[in-house]
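Lettered A, B, C and D in written order, each chain numbered from 1.
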Amino acid sequence: MEIGFLGLGIMGKAMAVNLLRHGFKVTVWNRTLSKCEELAAEGASIGETPAAVIKKCKYTIAMLSDPSAALSVVFDKDGVLEVICDGKGYIDMSTVDPDTSLKISEAIEHKGGYFLEAPVSGSKKPAEDGQLVILAAGKKELYEEIIPAFDVLGKKSFYLGQVGNGAKMKLVVNMIMGSMMNAFSEGLCLADRSGLNCQTLLDVLDLGGIANPMFKMKGPTMLQSSYSPAFPLKHQQKDMRLALALGDENAVSMPVAAAANEAFKKARSLGLGDLDFSAVYEAVKVAEGSASGTK
Amino acid sequence: MEIGFLGLGIMGKAMAVNLLRHGFKVTVWNRTLSKCEELAAEGASIGETPAAVIKKCKYTIAMLSDPSAALSVVFDKDGVLEVICDGKGYIDMSTVDPDTSLKISEAIEHKGGYFLEAPVSGSKKPAEDGQLVILAAGKKELYEEIIPAFDVLGKKSFYLGQVGNGAKMKLVVNMIMGSMMNAFSEGLCLADRSGLNCQTLLDVLDLGGIANPMFKMKGPTMLQSSYSPAFPLKHQQKDMRLALALGDENAVSMPVAAAANEAFKKARSLGLGDLDFSAVYEAVKVAEGSASGTK
Amino acid sequence: MEIGFLGLGIMGKAMAVNLLRHGFKVTVWNRTLSKCEELAAEGASIGETPAAVIKKCKYTIAMLSDPSAALSVVFDKDGVLEVICDGKGYIDMSTVDPDTSLKISEAIEHKGGYFLEAPVSGSKKPAEDGQLVILAAGKKELYEEIIPAFDVLGKKSFYLGQVGNGAKMKLVVNMIMGSMMNAFSEGLCLADRSGLNCQTLLDVLDLGGIANPMFKMKGPTMLQSSYSPAFPLKHQQKDMRLALALGDENAVSMPVAAAANEAFKKARSLGLGDLDFSAVYEAVKVAEGSASGTK
Amino acid sequence: MEIGFLGLGIMGKAMAVNLLRHGFKVTVWNRTLSKCEELAAEGASIGETPAAVIKKCKYTIAMLSDPSAALSVVFDKDGVLEVICDGKGYIDMSTVDPDTSLKISEAIEHKGGYFLEAPVSGSKKPAEDGQLVILAAGKKELYEEIIPAFDVLGKKSFYLGQVGNGAKMKLVVNMIMGSMMNAFSEGLCLADRSGLNCQTLLDVLDLGGIANPMFKMKGPTMLQSSYSPAFPLKHQQKDMRLALALGDENAVSMPVAAAANEAFKKARSLGLGDLDFSAVYEAVKVAEGSASGTK
């Protein structure tokens, strides 16, 4: 099976390598060419432009950094739209908002192409290990045809119906995650100020009914005020905002998520936006004498 | 090792049985005598009153249903206080608030006895399996002497320092749990109203970084509006209130927990207080035409 | 002074009449012609189209119902843009969001025209009495030239600087108003459920430091569950959303406004969106047995 | 009419002077004697102890600083309880919580005395001007007999039913006030960060439907970060807490008040508790670089 692959960032590179190692023929493109050469060493062909990749391959996967990059490879010169046509499938695995996804979908289908949005849950390590969770939505036939690739890239894929549902599902998950991170931060702060040992709280949590990988992984680094950005706080806050906007459209009242969103905004106002989203703990902790110490 | 055991409810009975099966000599007392006979069949001796049990045993564990029962066995006629004395240890594993715990502690120490509060995390099944998590606080020497019993009752015990810290640690954990349950409910409601499949959301959550036993266990029953009370909503809300009060004492601002608490109060006002705490989902879902359907 | 006037709804008609009665020559246009004839009886000239009005008058005031109407009279066929030119001033007093205002401003200035946004605070009665509060922003010279008209229409006008500031000021005011309405509703509900008399609460409030016209006017109707829409709840909620979005842009955390916004969303989900914004009281009151009664 | 008066702080002194000037015979007592002499110069008699005042007068008014002072004059040696008896009325106008009020009420009625709680709305200036608002509850007959005094002390008095209702009414009013102060602070902060002029916002607010004395009085000092404590923030937060507890008892969900309470708690944690309650504005404003500046 031959697959085009657009975007070789941390995630994209790991995914393309996995495809190559499982016997797929892969033609790659990346804005900066050097990344392509690393893949060529693993056996990939190189496409000069997004259009060239689409022209050559029946299926093309994109893994871009953000909505503007996702739009650019489709709509700009030498982009996907110039050559996509009946019989070709385009699978965008970037994380974008539902509107961006819909815009790309409409443009591609207008040219006769097939479209699937397929954002993933999981970051670098799961990408390398082929353990992503794939949230696919759009053309059902395309989903079924691309399953062999998804089986290599992820431990599980879901087909969620119409375009937009993949992005929405990701927003719902990230909204729950953001509220949980705030609850966790409030709990750590309450424990600390009440004279309890925070490390013991982590140990107790990890043995009970709400034990989860996030608490286990982030807890120890939060206690050290270490916030190397795996998922930047400003992006988490943006996802909270988009999830609340989705709730607004559908008249869903979400007071806990709204309170969590305001806490993330407070963290942004304290200059923590580029740190890991767990840095909201610093905003929760701000108190007399500590505020200046958080920066 | 000989141990007295006061209170043979669901939890207490399972715990006393475990002690017996691991070779402890156990003398039991329960307000309704029939429960004692079940234990006698497993080899237990029977004490006529709390005082009789204390008199006979160097160490006595209590596992009562609530603060008033915990106070009653200590302070009432034929209670613990009448005979407790130097050299005897009293371990209260009931779930009570920090003030109740302190009151019992002071009374017992005033008589020369040793006291340990030791609330547990875990319900019926972990109690039967000896897999509780024990949050002990109070007399350090007593903690060390009673470890052989804790090793039988739980998978892990913590010594948390002064009396009150066990109760506080439990409040912190339950506060995080209550906020998480609200975040989860809001997410389910948002998914549903946005046209996503809630079962799929559960599947996605269970594969990701915030997967936890509570979502896995409660999710499916919540989707069926089934709320058999493992932990009644009114008790969860009471713990949220006590945790917020603890935060008030220590000037800890917890806006997410406060929003969750108000949601639980709304659920109480809708008549859901005696159902499982996951019934807060019904309050989140209340909308035109659905409100009356929730009851 | 000759003034064009576009839009003769409840507000626009009252304002145009005021201008006529104070000696201004007024040329009116309205989408449905009959409204124009009422004004003609008061001495107004009639313009066939927005373009015709602009052509005839040096200054034209618009008072349209919403952003789409405001955009339509400018950009559609026979609209303002076709004839606006150097030396002519366009004053939009409609309530629109900052983005709509900016879009109109840019289009008009691109043609050489002068633009002022000037949303008002106050509804039908103040409009009739010339007691509006005018929040003007945009071309300073135009503001100064149009002051004679503003003096007739309002009791006070403010010049707030660049275009968008009028809309923003109105959002800030409405956000405070929405939070106050929620605080008021919660207080009424708390009084009622605590066995206090709500009418007495209104009397007490009216004698103290937080007495204000809104409590005085809305309180009695709220106690009668009467919500004839002076300002529809869905519009209030939209303004809360826009104000929170403005806060998001500027990293301002507003947890009280966010909680109020979620309460308005809950009210919308209960089917109260078309009632007066004070109907959020019904959402606050929802409880066992009352939910179905609110509809 | 002869009236006893216990407590000559800022409020009590002003009230006792008013009674004297309107022809009442007044016998005063105060913990520090010098205050009594000031009143003697206005024509008051002096009582050596609370008991002595009660013994001499048929009606005695108390205006103490807090619940502990209110309890002390009643229950301590030479206190009210020692001599109160059938036919004598005791009117406590201090601001206390419902439980304290009930405790005093029961003790006095047990001795055959009549009791009225009558907290006031209004501070120093209204006390001097006889413009307080009086929230009376308890013995109806006593209320009717004491009206001549209330007419001198206040512009309006309310009879609210059973003891506790006066305290509750005050909590409801203060809860609304605290939420409003937060909404106001958020609005000022949003205006400032959005490039609007805060003084203009104050002017606009003062002309509209939510204009109120508190915004008018506190706004200008807040913009100067001046927080001389008319009503200390920690007392406002305590009243929010008590109001939320009252809501908890009655299953009233109050998410806006809860969010406001958490903001006041954040302000306390920043060391602002002894300043005026309007200092919550400083907590709302805390941002990168500003945090250290708030202290």
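Here is the rule we use: a contact is a pair of C-beta atoms (placed from the backbone, for glycine too) under 8 Å apart; a residue touches a chain by one contact, two chains touch by 3 or more.
Protein names from UniProt, one per chain: A, B, C, D = LOW QUALITY PROTEIN: glyoxylate/succinic semialdehyde reductase 1-like.
On a predicted model such as this, the values are computed, not experimentally measured, just so you know.
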Fitted rotation between subunit A and its twin subunit B in degrees, CA, nearest 5: 180
Relative to subunit B, chain with the most remote C-alpha centre: C
Same or different residue numbers at the subunit C/subunit D copy interface, by half rule: same
For subunit A paired with subunit C, centre-to-centre distance based on mean C-alpha positions, whole Å: 40
Interface hub residues of subunit A, defined as touching at least two other chains: 247, 251-255, 258-259, 262-263, 266, 269, 287
Contact footprint of subunit A on subunit C as seen in their complex: 241, 247-248, 251-255, 258-259, 261-263, 265-266, 268-269, 273
Interface residues, subunit B side, partner subunit A - complex: 121-122, 133, 135, 155-156, 158, 160-161, 165, 168-169, 172-173, 175-177, 179-180, 182-184, 186-187, 189-191, 193-197, 200-201, 203-205, 207-214, 217, 243, 246-247, 249-260, 262-263, 284, 287
Of all residues in subunit C, those that touch subunit B in their complex: 255, 259, 266, 269-271, 286-289, 291-292, 294-295
